[in-house]
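Look for chain A in each of the two complexes below; its partner is chain B in the first and chain C in the second.
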Partner chain A sequence: MSAQPVLANPAASPGRKRRRQNSDGLPAALPWIGPVLLLIFAIVIFPAGFMIYNSTREISQSGIDQGSAGFANFADVFTDPNLPRVLLNTVVWVVVVVSLTVLISLALAQFLNKPFPGRTLVRMAVVVPWAASVVMTTTVFYYGLDSNYGIMNAFLVDIGILDSPYGFTKNVIPALGLAIIVAVFVSIPFTAYTLLAGLQAVPEDALEAAKMDGAGRFRTYFSIVLPQLRGALAVAVLINIINVFNNLPILRIITGSIPGYQADTLMTYIFKVLQFDRRVDIASALSVLNFAIVIVIVAAYVKIVKPMKEL
Partner chain B sequence: MKKSIRTGMVASVAVAGLMLSSCGFGGGDSGGEEEGSTSLDLLVPSYSDGSRALWEGVIEEFEAANEDISINLQVESWENLESVLNTQIQAGEAPDIYNGGAFSAFATEGLLYTAEEIASPETIADFQESFAANEQVDGTQYALPLLASARALFYNEDLFEEAGVDGPPTTWDELYDAAAAITETGTPGYGMPLGSEEAQGEALIWMAGNGGGFGDESEITVNTPENLEAAEFMKRMIDDGLTQADPGATQRTPMINVFIQGQIGMVYGLPQTVGQIEAENPELNYGLANIPTASGEPATLGVADRLMSFKNDGDKAEAVTAFMDFFFAPENYVEWVSTEGFLPTTISGAEEMSGDETLAPFLEMLPSAVFYPTSNPAWNATDGAFKSLFGQLGQGMEPAEVLEQIQAEADEAAE
Partner chain C sequence: MATIAPGPATLPPAQARRKRYGSDQVSGRRMGLRMAIGAVVALVFLLPYVIMLVGSLKTRSEILAVPPAYFPTEGLQWSNYVTMWDTPETPLPYNLVSTIIIAVFATLLVLLVATPAAYYTARFRFPGKTVFLFLVIVTQMLQPAVLTAGLFREMLVLGINDTWLAMILINAAFNLSFALWIMHSFFAAIPKEIDEAAQLDGAGKLTVMFRVNLPLVWPGIVTAVIFTFVSSWNEFAASLVIMSTAENQPLSVALTKFIGQYATSWQYVFGVSIVAIIPVIILFALIEKRLIGGLTAGAVK
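Take a look at the complex of A and B:
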């Protein structure tokens, strides 16, 4: 759906004429788009508005609204000593996961674009992590690396890499590292397929022309293929940023048993504030912050990368 | 769909009522009421794998005896219970009967019926006094004590023998030496679960063992010299490698499973750990002893969970009273509490269960039990702070700093 603007842009001037016709037809169109508008209101606008409203209320631990709190909740959030670490974790988490995912997917898409025997099977196999439930995939890793029961831990000990089982999911750095690996693993299918679709749209004749002009493989890739992938890359990166930023299940499962807030991203921190401290108001204020950050990232991305600009 | 079921139920009860009255059975005074059925939502935690079936049995018998009341059972894990409850309260659909721990915050916000409104005087008078007192906020009893539990030291006798440790330790120093000797043999000496599941429990066992505690109904005291000493001793055990790996992120239930497999020397367990060992690894050669303390004076963590009733739209106090009176009658209550492996809170229940041998060591320790300050409104927040922060002790943080952080959260909630 985010691909829409990329495709919708050509022919700007005839669009203007059509738009006028559209506005004439608005009352007529309303019955058709009405249900969708209602749905958007009910599942997007209302919850977001309610979240913002809650962030300015004082709410008791049992969830009873005790009146307006002004911006006190935001003051609490911004003076929270845990916030810097949590934000740092969030940045590292998003940047590392998205870059690794995109780099690996670029290579994978290139590979899947070449004809070779069994390509269909390999393409199918790439979809598997996408088709499987994220919670399930993550839980497999979590138990596999458990220091008491985990078969991956036992295997690492058996082949002599570890002397004794190690609590990968119980220490901050290895747990975050593991969460990053799992996140990359489950993000690759979507990204690789988006890029593969982009690759297939690269015109044969442009590649042929490059070959005729004597461009090497790298030159061809960076000057012809990559610029053509711009639209697909833009979609892949943007959707990945939002997905990874808002990811809860992977981190919740892998880093959930770690005490304190050293391994938390903004998302898991909001969850802990809600679950352990039972502060709906503070959690709402944090969610508004979360929401604002995503909007700023997306706006900055659109501004700097200009994914919608014509080539 | 729920609505149609309810309408259907109302209709069928009404028809049944008509039939009964036309046949001339006056019957019970509640059975013939025109409004028909009352449905009660019951939210309970899962104490064991059998919890659901046990409650279902109680409900089936209750519904058979009270045809105009139906009960919807919802069972949640301890980890999720309070989030589920909070969501329900926010949605205005709080359970009519809730089986949980902390309750004072609900009471002070006026969300709960008082005990008098939800149980007959006979039922209330049957609770042992110390437990009933634990259910009060500002002199009013709100909740009904459902069960009691105490912790005891479970130790693996085979590992003790292998390590050359004579008997169970009674003081911290002996515990330290025993754990060190067992660790020498390659098995963790002491299992210390400081993960979010029950960090507050392990913490209070140790702190009570040094004469400390978490405070009372008016003040939460976490950062005290006694508690700090206890935390420092725990840290020493961790730093010296006498516990399982990563105690800060270890949850209690899986850790006790590891003890049952014979892979840990000593753990603090519950009455039902006895039954669990019997079911899962009867071969395990283990012993039960008092909790070792700093001075050797007995002290342990006591836990009492309770039933309480949230006020919702429509007065359901009468139906709740019917359920409570039914449930706490000895013939129903004793079976429930003994199947779950807990200690009874009623006088009549205690009399019936006094012959039970597996419970004897726990019943013995109950008088020296220290309870959580559940009647303090800031306890909920303190409990949450322990769950998310206390484990940092196992991740290298200084004990003083950990206690300071938890105290800060408690103070903030008390404001």
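Take a look at the complex of A and C:
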């Protein structure tokens, strides 16, 4: 795999020769990469394996392993009456948040790529929700839309959108809608910046040539800019899918006061089972299901984006 | 939706600026329009934090008033920033200390572990290098939330559940790959001839890395450090399950305890949030230029 780009680029071949001379074998490399391997094995690979193992065990609420459960935990998970709703919520959550995020970010990146006085300041403002804790950002929306004292609710009444303050966080559908808005809000900065990076790689002369040929703005965008953005777009979409799929704090805060599991995604459901029911075995089986989905997305990432092509 | 609505409120200052530019430049009208849109965009993204700041300066009765007032009417309560540290919901001073210790040590650990690996993989070939880098990329796509059920049990078995050490290790491990990746791309951009010249002078690999390379790759290191720090500072999912003692919890987890209370002390929630958010915003602003492209180093090209 690593040889591929070298072969594709003849200019790189002298470098390849030199690099081969530099190879001292694995024992010489271990002191340099060993600590990384140790940390990845201890904190990523081992817990993943341990989680899979736990999903086949029966574990008491106090955490004592009571022997093998076979696939009973998975049988419980797949016959769980809450699962269909939770999976449906998860799909809606991911699809709506990621599509809205990408569409808005495409426009925003296009705008932030144009020169104007104060552009740096606007770009900095866009970074803020990315740096700020998602928990803290979400609390503002939760407070702001409180049906009694929320000032966003009051504002919606003042400008005439609402007749009276509405309890957004009290009912399943509006709460999910609000959570989606918050998720889009915190996902836009990373996405816009990734797309901005892609836009800066669009060759200036291609844009000028299109102008010369009399192509309109939309024509230029769809036939020149968008194809060039394909790489950045693939990265942005896949990383967003992973992040949104695994997001916990937004839904936990906004839909947290809704009883039952009508507003849960797979991730918030796992944490409820883990924290409130204290069922590590069932939570592990659910996590394995979740992990399998993540692995499929990561595989798609590796296949589509080919992050190794640079090596 | 609610965040977009207040847009028109910013138009007057933007229009004033538009006039000034309009007289100076040929494309002034268009520039003015862009600035106006820019101001609206900036306002939309800053609005929740403005609400946070204004809320942190209200009295308890003001912030719970029905109907609410947009701005404080009883003067700005800067004293909230003093009194907020002593609330019954959670021991906030401890939470702040926990947050700082976990983020600082996780960042140091990442730096210590990722820098040599980034240097070595950028400079030398070794059997299994592709597998190693593949492992790193796959880790980059994972998050503590995905493995929390396994991590929770593992920390229990190791006897370090509910300790700073557990969260330092977890934050370090999950931010390692990004740090390694970005430093790798910076090391790889330095011509190898520099290393070879130093080696001819008899310098060992460690000396070459520290004395010759590090001074050249510091922008990459700063980016990696800030990114790891901010992400550890804001981590929520694993801390929520692993840190069960109130004193040990980081701010991200501690603040959720205020939510759902009968009469939440929002002014304190927001005061603490402002204190926790401002340093990370400053750090992120420092690497703003490198956020374009640097984050997806290797993938977007």
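Here is the rule we go by: the second predicted complex is superposed on the first by the 262 of 311 C-alpha atoms of A that agree within 3 Å, B and C clash if a C-alpha of one lies under 4 Å from a C-alpha of the other, contacts with A are read in each partner's own complex, and residues count from 1 in each chain.
As a working rule, contacts are C-beta pairs under 8 Å (C-beta built on N, C-alpha and C of every residue); 3 or more make two chains touch, one makes a residue touch a chain.
All values reported here derive from a predicted model rather than from experimental measurement.
> Applying the touch criterion given at the start, work out whether A:Val280 contacts chain B, chain C, both or neither, answering first, second, both or neither.
Both chain B and chain C are touched by A:Val280.
> State whether A:Lys170 touches chain B only (first), chain C only (second), both chains, or neither.
Once the two structures are laid over each other on A, A:Lys170 reaches chain B alone.
> Quick one: is A:Tyr269 in contact with chain B, with chain C, with both, or with neither? Answer first, second, both or neither.
A:Tyr269: touches no partner chain.
> Applying the document's definition of touching, compare chain B and chain C: which contacts more of chain A?
C
> Would you check which partner chain A:Ser257 touches, where first means chain B only, second means chain C only, and both and neither mean what they say?
Both: A:Ser257 reaches chain B and chain C.
> Considering only the touch criterion stated at the top, classify A:Trp93 as touching first (chain B), second (chain C), both, or neither.
Neither partner.
> Of the two partner chains, chain B (first) and chain C (second), which one does A:Asn148 touch, if any: first, second, both, or neither?
both
> When the two structures are overlaid on chain A, which partner does A:Gln61 contact: first (chain B), second (chain C), both, or neither?
A:Gln61: touches chain B, not chain C.
> Would you tell me the residues on chain A in contact with chain B in one complex that are also in contact with chain C in the other?
Touching chain B in the first complex and chain C in the second, residues 63, 148, 165, 256-257, 274-275, 280 of chain A appear in both lists.
> Which residues of chain A touch chain B once you look at their complex with the stated criterion?
60-64, 147-148, 164-167, 169-172, 256-262, 272, 274-278, 280
> Hey, which residues of chain A end up touching chain C in the complex?
Touching chain C from chain A are residues 1-2, 15, 18-20, 22-26, 28-29, 31-33, 35-37, 39-40, 42-44, 46-52, 54, 63, 108, 111, 114, 116-137, 139-145, 148-152, 154-157, 159, 161, 165, 181, 185, 188-190, 193-194, 196-198, 200-201, 231-232, 235, 239, 242-243, 246-249, 252-253, 256-257, 267, 270-271, 274-275, 280, 283-284, 286-287, 290-291, 294, 297-298, 301-302, 305, 307-308, 310-311.
> In the complex formed with chain A, which residues of chain C make contact?
Spelled out, the residues of chain C in touch with chain A are 1-3, 5-6, 17, 21, 31, 34-35, 37-39, 41-43, 45-46, 48-49, 51-52, 55, 63-68, 70, 109, 112-114, 116-117, 119-121, 123-130, 132-139, 141-143, 145-154, 156, 169-170, 172-174, 176-177, 180, 192, 230, 233-234, 236-237, 240-241, 251-253, 255-256, 258-260, 264, 266, 269-270, 273, 276-277, 280-281, 283-285, 288, 291-293, 295-296, 298-301.
> Help me check something: in the complex, which residues belonging to chain B touch chain A?
Chain B reaches chain A through residues 82-83, 86-87, 89-90, 105-106, 109, 111, 194-196, 199, 245-246, 248-251, 254, 258, 263, 380-381, 384-385, 387-392, 394-395, 397, 409, 413.
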